[in-house]
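Below are structures written as structure tokens.
Common to both upcoming complexes is chain A, partnered first by chain B, then by chain C.
Presenting the complex of A and B:
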């Protein structure tokens, strides 16, 4: 039985360690100030579990799902700024099918005109196409990712407005409500969807060679091409996946509000998703990535927001507070600081061994 | 002698056909095409008047001022997402300082400069000394500035101070000589403080980039940071100062915006950082660093303002077509840019 040697300096060198430490610290402060913070209760009337922890994971679903795709994008050495706009596009298209009555037939209340499947599948399909467009610009056109995705970021909200003629619809269609507000096995539906996405992504990335391809292209594109990897195809697939995940996130968002909001849906999601990925320990320069780290990063971001709400800190302070905590995490994770800590721990180990 | 002059001519032509300048020419050409299109379609309703042309500068002066600092940051190979938030914070400080605390606006503006430049320097130091990616550092800066904005006030505050009114109301009218006296051009066209700030910042930026050691260091760092370091250039100092200068530009943009709308709002200028970045990119600045030109940025700002003007003159199109047109324009430019850079690098090999 070979046991892995427990080495403190290795662990403190890894970025995920610091992310987990930060998350635990925030939760610890929560627990000290409010002993009932971790309490989870079951409500038989609705059949759902309630509690702050559930709420944190539930509300982080949109960012987590996008951030999983963003992890692959960043592992390729790129950035996708268009995800927020794609969230708006997905919501707008879904609501267009949901409110076909208003737009086309002028028979209000007739929700069965279009099959419900179209309201779900068409947004997914359109966003995959938009993701492929990003991938095409980056992979085939050799355009810088930030600028290439900026095109759709600027255009996307315009497209979302045109789809719905600039109107904002609400819907009461109950199957659609299930996506964002329903529950399964006593857990809110967004959590179930997130878990499913995580599992599928994990299998796709780690149980096939695709994850290795992504890392290889991210580290050195021409070397991977020489090694026989079709780098262009990998890039297009990764951006298409991100588009698909943005669409799922957009459907969850619009289902939560039962409406479309082309101006505010997914606003700053790209920033939050990138932050989640970076806090999770994936390097912005590309290369190795960690899906688990991303999930933790996304949960940290949501925990901070919940923290602010919970402690009656004026809600105006949320953003400043978020910035401060993120700044601390980033400084802790930065190379010089990590090296300093790992050196210190290594020294301690040596002293212990010497004695 | 002849030999010398011919080589001189060659360097002149090389200079003219420098890939970084071709982007500027492409931007000017597309601007002229769009302007000519507007002139043909809406010339009768006043598209070609001096007023319309000057308004293109006036309505986007704050983005232009911000784009000056942004161009420098992009040339070093970095990025700054905090500019719009800092500009918004400036407006907030002026509004809150004059309206609620009763402080003279000049002191508020001075204080904003301290805050903006301080934040810029801090971010620059984090980027260089802690090796944190610029995108993440400045994103945190953006959240911080927006958060402080919201802390000051969630509602829009109006700025009403005679000093600010005097600054905002100060105008120079264009006049022409008719029948022995100077008469205002009709329709009335004027330039104001924002216009002068915008043009002055473009000129200052041009001077810094082309004529000073600091500017050459910026290009050198953007070209290859490692070689710049090995050459003994002050990489750390230059990078930190560039972010500081960008902070200065953001605050100045905030002042211009405050003069333009005379109010402070915590959500104002949302997405403005991408406006500044895309103006610089349309003007030929490469995000990988090392290539860029201040005149290109000027044309980029003009190009981005001619599209809304066209949409306004059309009157039937809805404003979100502007977003789509801007996106398509961006796509055209980056395609040209990529084509040119691919072509030149292939030629070198």
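Presenting the complex of A and C:
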């Protein structure tokens, strides 16, 4: 048994396996209902690929990006409720730099602050600071994460309102449009950004020892401290990263609508992000985490939403329907069910070996 | 016979997964006596109390209270039978008034409503009985710990208790408060109540107890009248002569000219440990003896920066250093295996490999990762060197036995190649073989020129391995003796009697 063998019983034990199974099942139902569901077409006019699958991944970008940060937060045994509010903050600040109110100003870009880079960098910077504030409350102040991040969850949208004087700005500034509506290599830009973020995050947490530190602190903070890990620093970095990712997500969102929306931007994102992490197999108690699982979890959530749209489920029932599917996915992943299947497969294996 | 004892516990056995927590223990209590229950941590004191108060359930044996056999199934059940317990940590509600705390859950009623007048009147009466003239309508938190302790005793007594269990009630009290508590205990005793008293302070046992029962490793050592046993004999019985296994271990020789590796002068934290000075030479093994709570662990924690010192100075190789957190100490090549392996040592869900590499990685910082290949080499090396019993390095450390977990933690620190290794009770709760193995490793490290501080409750271990032995008592260092030619009896004398005995040894 020295070599690692392809072992069905081990695979069925893993949570990611069940997340993938759930995703495939939903897609299968979609395919049966609409045979052209998987069809992807290239439109030379726009230079982009179109199709339901592309759309699902494109639309899941905002949640996927945030959920990557949330994965680290949850691995620490925490939660970050402020991510949705930070999405609104990032959008408000970006638009503050680019507002072009057609009624007041005549020339496009009249009110655009140059250089354009500020419209991108300032929101990122502010959200990192806000994330560090969360991390400070939790790491230094020892405040429970759910309470500490509630502060910015509540007041973040207020900050966004103050930044824009309570107004909704719009812009036509085309470089900004690229973020949410542009394309690269025939793929929508949000997908490209998501892939980049995934790669950078993966390198940062798995190619350095940061991921191990996060897991270690999440499993046993006291022992980690005694082993020489600066737990406070790890906590602050993790929340700062989540702040940064919320800002990226916020820029994509506001670029899609070319506007800021302090009330609705990022609404309930914290819940979807937490859900994506949990579906992806990371335990809410902290410890071992899986970035790949989180990405799948986020795509599942978006697939369900698409599913609901496509099948003409009455809009009043949308939320209930979404909840129903999620409940099924989570039950599939629960320990008793996984153990049941794992035992079943183990038995089958044994029979095969015996014969 | 039924009249002589108010409580008889016979042949009590409790089995926890993997260990026999209590093995055929007898305990009895007369009305109107203070009976001390003694033993080191893990000896089974608290298990016995929990069995009596219905928290744990006995697997065999009988409990007879007042001539009737009882089987308490829950703490409330035990209280109803007349067994009251006051725990070390005060479990009252600080935001309720004193009177409310005393009568919570059993308020006197009048016409279907709580009779506040009655509550306050009776509470006041009760507190006055304890010589406490306080306003019972004020919230509990405004009063000192001692008063709060009295309130919880008052509550326990007012429940018409036949037996009162006091579990370390004095650990947070000062001398006057202890005296007050003892007065109250004497009055209760005079009224015929049986009191079970648990404490780590030996002097207090002799002040207040009539009899004592000693437990060790879950077994009964014996019950004695207070005047039939001396403090020295008591400590000997508590600590116990160790196993018959003969280790062929010899303490390492230290070059008398060896430079000092770590010196601490007059370090302390107010209210914890005060004014400890040590000087550790290169290649030396320094033992720390003393009872639990004597300040051994606190001293080690100061040397490792777990708690920052408030007074005094620490020098590492003649350079003054200040440790604000463990990271600082690790950067200075100091390592520390904590006493509570589960809470402060292992990262349960990480693999053996990750646990071994952790401290070295933390010292390097996360931006300079140890490559997977290096990690594998490191863990393979130590799994072999320390004889860690595991199929491979990818097993979670939480799934290993206690002794193997301890070896992994040891490997974690050996991997950092420390100058000074501090081990706090590294041999507790692990089997004899692993114990011998760990002692052998310590001595080998000393031969290689590393210095070791070894804290243990087992004196024979300390004497066998140490070059010098520091003896702690009541949060102070009371003596330093040479490991060569010193006997268990001498150390027990110092632990029991304090510095006066130390002078005789050194004379």
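One rule holds for everything that comes next: the second predicted complex is superposed on the first by the 337 of 355 C-alpha atoms of A that agree within 3 Å, B and C clash if a C-alpha of one lies under 4 Å from a C-alpha of the other, contacts with A are read in each partner's own complex, and residues count from 1 in each chain.
FYI, a residue touches a chain if its C-beta (ideal position, glycine included) is under 8 Å from a C-beta of that chain, and two chains touch if they have at least 3 such contacts.
Quick caveat, the model's predicted, so the values are computed rather than measured.
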* To do: In the overlay, answer first, second, both or neither for which of chain B and chain C A:230 touches.
  => second
* To do: Considering only the touch criterion stated at the top, classify A:146 as touching first (chain B), second (chain C), both, or neither.
  => first
* **Touching partner for A:115 - first (chain B), second (chain C), both, neither** => neither
* To do: Mind working out whether A:288 is in touch with chain B, chain C, both or neither, as first, second, both or neither?
  => second
* First, second, both or neither for A:318, with chain B first and chain C second -> first
* Does the superposition put A:219 against chain B (first), chain C (second), both, or neither? -> second
* **Touched partner set for A:208, first chain B, second chain C, both or neither** => second
* Asked: Counting residues of chain A in contact, which comes out ahead: chain B or chain C?
  -> B
* Based on the superposed arrangement, let me know which partner A:330 touches: chain B (first), chain C (second), both, or neither? => first
* Residue by residue on chain A, keep only those touching chain B in one complex and chain C in the other, then list them. => none
* Structure fact -> Touching chain C in the complex, chain A uses residues 207-210, 212-213, 215-216, 219-220, 222-230, 287-288
* Would you pull the chain C residues touching chain A in the complex into a rising list? => 304, 306, 325-327, 330, 336, 338, 343-350, 354, 358-359, 361-364, 366-370, 412
* What part of chain A is in contact with chain B in the complex they form? -> 79, 81, 137, 141-144, 146-148, 150-155, 157-159, 161-162, 166, 267, 271, 274-275, 278, 284-285, 314, 316-324, 326-327, 330-331, 334-337
* Structure fact -> chain B contacts chain A in the complex at 79, 81, 126, 129-133, 135-137, 139-144, 146-148, 150-151, 154, 270, 274, 277-278, 281, 286-288, 318, 320-324, 326-328, 330-331, 334-335, 338, 342
